[in-house]
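Paired with subunit B in one complex and with subunit C in the other, subunit A is shared by the two complexes that follow.
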Partner chain A sequence: MFEYFLLQVLNGLVTGLIYALIAAGLTIIFSVLKIVNFGHGALYMLGGYAGYYAIQLLGVPPIPAVFVAMALTFVVGVIFERVMLTPLYSQKVDRKDEYAIIVTFALFMVLENAAIVAFGPFNKRPPSFAEGAVHIGLLTVTYDRLVAAGFAALLLIGLSLFMQRTSVGQALDAVSQSRDAAAIIGIDAKRMFAVAFGLGAALAGGAGALIAPIFSLSPTMGDLPSVQAYVIVVLGGMGSVPGSIIGGILLGIVEGLGVGFYPDANRALAYSNAFGALLLIITLLVRPTGLFGRAHLRME
Partner chain B sequence: MPRSPLQIWWLVPIVAALALPPLLNGYWLHVLSVSWYYAILAASWALLAGYAGQFSFAHMAFAAIGGYASGLLAVDLHLPVPLGILCGIAAAGIVGAAIGWLCLRMRGPYLSLFTLAFALIFQLMLIAEYQFTRGSLGLSVPEIFAGRSDTPYYYTGFVLLLVSLSAMSFLLRSRVGIFLRALREDEDAAEACGIDTALYKILIFTVTSAIAGLAGGFYGHFVGILTPNLVTIPEMGLVVAMAVVGGVESLPGAVVGAVFVYVLSEVLRDTGQMRFVVLGLLIMLTQRYAQNGLWTLALGRGGRFWRRPPPRAVAPEAAAPAVERETNVG
Partner chain C sequence: MRPIKRSHVLAGGAGLLAGAVVPRTFALAAEPIVLGWVGPLSPPGSYAAGQEMKWAAQLAIDEVNAKGGVLGRPLKVLYEDTKGTPDQGTAAMQLLATQKVAAVFGEFHSSVALAESQVAHKYGIPFLGTDVWTDKLTAQGFPEFFRVCPSNSLIYTMVGKWATAAGFKNAAIMQEATDYGQGAVQVLSDIFKQHDIKTNVITVELSQQEVTPEILRLMNTSPRPDIFMAIVSGASAYNIVREACNSNFAPTAQTALYNGGGPALEKELWENDGKCAVNLICENVALPKTKLNSIAKRFVATFQKQFKRPPTGTAMESYDCVGVLSAAIAQAKSTDHKAIISAMERLKYTGSRGTYAFSTSHEPAWAFHQFMTAPVMLIQYDKLNQSPDDAPILYPRDWATVDYLFAKPTA
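Entry: the complex of A and B
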């Protein structure tokens, strides 16, 4: 029983790190642009397929393929931001929240259905990062999971170093705190918006490429993780990157335990996806600012 | 003020719609009958999202509540269909009021996330509680009219559409309509003007959910089967596309958008999923270049709305005098 518990925690930790990666991207987009990206799950899916085709068609080894996926989703993110989101920064749009929800939701529709047309509705599975598994006592953890978790952890560490130590990261943070003050000290906010959306998209894409060998790829694979990502982002506090990392791991573990210990096995499976959504509802009701929310990042 | 829906030129499309069925083959008659269902949904969603600014993703869930409530009452308790639909409307309205009450403190994207999560849980419930709902297999419900012809459904749907449109424009022409727009523009300012924002937020959720429930009840007893697919994100996306393309701040715009988008998606049916790509791009283009929808643009009012410099900070002041005036008159 204890081994089973430990295995659920361990599996939860792996998915939690991937969730955290998706959520960190969502958080960067939210904190800099002040919008919720409803197309985030589709970018995650796109990253998964980009990695797959980089391996299959271009012969890129699995791990560099993750970077190919991130580069591609970065470019897609920047193009979308340049074409569709620029009206948000001027007075052209009456109600910015609604505009952002609608166009990012439309991005989701376009990407997901284009994926069904282009890649087919059937599941695809890219080759493993590394074959085999480690055995610790009675526990078995595949190398794929370890590589994905390790890679995700490295990306998250890299992200926080980037945000703290580089001038671009600092500029992003400055714009997220105050656009006007950032403009006064000479930061071009418009360039930072493009960087933030591209970076957020790239993190989602990287997560998609990392998860691909563990669960297989399908055009609708982004539906659920995007809901999970919203749970994490809200749970961790909108705009707080460490909050979203802790929230991600927390959700992964709680979900793993919830499915493992639900009394009615049939329903547990059907409801496993409702778990995160319920957590989202409760968080929104009880503590809308999340556990680590920063006051100046209130969404208005 | 919204213009009266009873102006003469309104009779033209109504008469045209009434005269249409004999000219159509069975397939297009069916398509148009279904489009009335979507038109009711799109118009009520436009009222909720466009007028009142409550960007909910749970609208299809309310349609499903209406449909399933009515269907289950008819199947399990053998209730007559019209009575079942009334119960479905009531059920959707009550749940809508509850959701509106729960969402009182949430704004903008938070409300969207909340309603998205609610819709997801509701869909999973429909699948998981299969002993009641027959799960993904779908619930067979009795049809309203005997016989295979869609003509009676066409007229029923059209009458229901007119009834719900009249009810909604009645609401909008009363002072409530102005309160709702004040709520959308700035909730704090509206509150400061003495508008009971909590009351109107719950009211608008109740009304639009009840109308969605009506649409769901009609749809269920029309096609004869209800499945959890009713609540999926693509279905919600279709309704959003309809309202946005037609004009999210105009009830007739949403109706025109619904018929246009649904007919377009049927024309493009052979292209498979490609049609949703087209619809998604259509949403983006409309939002980018004609935010008030193609209908408003076609009426020649698009330019005015679009180019109006709308500094956000001025909105509360702009909304406030209107509200005060109305309060004084009332």
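Entry: the complex of A and C
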């Protein structure tokens, strides 16, 4: 029984690291821009296809293709922020929260439907990062999952270091805490908004490219992960990058254990998202700001 | 006598020329016969299947029109995207009802077709289901609803007989949470119960991506299932096949792997699952390659040339829907709904999947307006990148191309 428990925990950890990567991008956008990016799942999908075509058309090896995907989604993110989100920073828009919801939701709709036309309706799958699997007792983990989880962990560590040790990261943190205070010390908040949205988009795109050999590519591949990302962001505490990392890993493990141990085996898999929701509810009852959340954040 | 002027000669020549092309010109100039099409072309529906159905339908429409149309009138199709949701299907059918369509065809999702059939019944519009398998559709007994594809009972009774004959004793079935999935598993479970085959049913949402925890659970049950059946019609079936394979669960010497619902027939199976799909068993709603008639061969070649991919049985069903409706309208000599329904009940039409005739029996209930001899067979891939047409046929035995009931992987 203990070995089976361990199997589910290990598998959940691998899945959770990828969840965390998606959620970290969403968190950065939220913490700096104070908006919920409803287009995050579509950027994740776009990254997956970018990686695929980098491999198929340009001959880029699978792992460098993840960086190509991140670069492309970073650019898309920055362009979107510059074109569509700048009205948020002026007095042109009265209802800023609603405006942000509508434009990011539009990003999702446009990208998803454009993907059906541009990439076709049929599922695609890039080549594996590495063929084969590692066997640990009863557990078999494919190298694809290990590479994706390991790469996700490295990116998350890199992100944490970037946020803590670089001037741009500290500027992002400063803007996330107070735009006015950041402006007083000479930080260009508008530039940071573009960086934050681009960085968030790049993390989503990287996650999409990492997950592609595991779950395949389809124009709708971002629908479910984006919902899970919202759960993680609230679970970890809105605006907290470490919170989203811990939240993602926790969600992956809880979903795995839920499916593995729920008494009604026939319904366990269908309830996998419900286990995450239950975790969220319990966490919010105990800690209304989430695991590492700050006080309520709103658009300034 | 007035002299013949040059202008008169020209006018006469023009008249003769016009007379020579009257039938075709008339057909093109006449008011078109409007048909409605319903199916998923965008999320959350299975838009890949919908797109393939639409391609095949339009190809058939173009062919009919190139031959002068029906009753001297061209055919025109109004395509309505139902997004795979019953509410959109209802809205689409309501819209088509206002467009005075002669008949409606299409649909891939049973639950959506159930909603659409209610509207078709309300307005008395003939509705020919393309690839909707739930028994409930024809069991409703609506005079307007006909079906060219096999029903769940036709398919899964055969699958159940095969599984029993093959000697399986312990089945794990992953069913999609839809009318199709639950209906199919109901048929299978009843047969398995009669033959003392232990059945463990797992419900999965079509959007589910991560299935590894469930695979781990199944691998740790005792006794381990000797067949794992994924009754999943969406593209998530590719993940299930790959995860089952990567986890060393199935297809293995201990556990056979089956996919129901269609994704295993698409060429994307190989891009998504690669060697994991070797030894995969699935049903195919087409005729064996050796039994394809000239219509099927021509359709396959045209489809392949035009869309750069081989058509599946679903595409053939869609192609034949246009032929069935054209023949029914021609036989009825009218676009009146009741006349078309009456003609369809008496119809014998040879398409790419055999000669269509619709039962008028209500015994069993699902037989009403069902194409009872709809082809269906079980195949098992034995080579990488194999076409469904080239895969060994396991069942029914009179179509089988191999002497075994299923092949166990050797490694």
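Simple rule for what comes next: the second predicted complex is superposed on the first by the 264 of 300 C-alpha atoms of A that agree within 3 Å, B and C clash if a C-alpha of one lies under 4 Å from a C-alpha of the other, contacts with A are read in each partner's own complex, and residues count from 1 in each chain.
Note that in this section a residue touches a chain if its C-beta (ideal position, glycine included) is under 8 Å from a C-beta of that chain, and two chains touch if they have at least 3 such contacts.
Quick caveat, the model's predicted, so the values are computed rather than measured.
**Student:** Tell me the contact category for A:I35 with respect to subunit B and subunit C: first, second, both or neither.
**Tutor:** first
**Student:** First (subunit B), second (subunit C), both or neither: which does A:D97 touch?
**Tutor:** Touch partner of A:D97: subunit B, not subunit C.
**Student:** If we overlay the two complexes on their shared chain A, which of subunit B and subunit C does A:A181 touch? Say first, second, both or neither.
**Tutor:** Neither: A:A181 stays clear of subunit B and subunit C.
**Student:** Tell me the contact category for A:K124 with respect to subunit B and subunit C: first, second, both or neither.
**Tutor:** So A:K124 only meets subunit C here.
**Student:** Is A:R267 contacted by the first partner subunit B, the second partner subunit C, both or neither?
**Tutor:** A:R267 contacts both subunit B and subunit C.
**Student:** Touching A:E255 in the superposition: subunit B (first), subunit C (second), both, neither?
**Tutor:** In the superposed model, A:E255 contacts subunit C only, not subunit B.
**Student:** With the two structures laid over each other on chain A, which partner does A:V134 touch: subunit B (first), subunit C (second), both, or neither?
**Tutor:** In the superposition, A:V134 touches no partner, neither subunit B nor subunit C.
**Student:** When the two structures are overlaid on chain A, which partner does A:L58 contact: first (subunit B), second (subunit C), both, or neither?
**Tutor:** neither
**Student:** Who does A:L161 touch here: subunit B (first), subunit C (second), both, or neither?
**Tutor:** neither
**Student:** Quick check on the output: what are the common subunit A residues between the subunit B footprint and the subunit C footprint?
**Tutor:** 112-113, 116, 223, 267, 270
**Student:** Under the touch definition given earlier, write down the residues of subunit A that touch subunit C in their complex.
**Tutor:** Interface residues on the subunit A side: 4, 7-8, 11-12, 15, 112-113, 116, 121-125, 133, 138-140, 142, 215-216, 218-221, 223-225, 255-260, 265-270, 272.
**Student:** Which residues of subunit A touch subunit B once you look at their complex with the stated criterion?
**Tutor:** Contacts found on subunit A: 35-36, 38, 83-84, 87, 91, 93-103, 105-110, 112-114, 116-117, 223, 227, 230-231, 234, 267, 270-271, 273-274, 277-278, 280-281, 284-285, 288, 299-300.
**Student:** In their shared complex, at which residues does subunit C touch subunit A?
**Tutor:** On the subunit C side, the touching residues are 42-44, 47-48, 50-51, 174, 177, 200-205, 207-214, 216-217, 219-220, 235, 238-239, 246-248, 266, 268, 271-272.
**Student:** Under the stated contact criterion, what part of subunit B meets subunit A in this complex?
**Tutor:** 49, 53, 55, 102, 105-110, 112-114, 116-118, 120-121, 124-125, 127-128, 184, 233-234, 237, 240-241, 244, 248, 272-274, 276-277, 279-281, 283-284, 287-288, 291, 309-312
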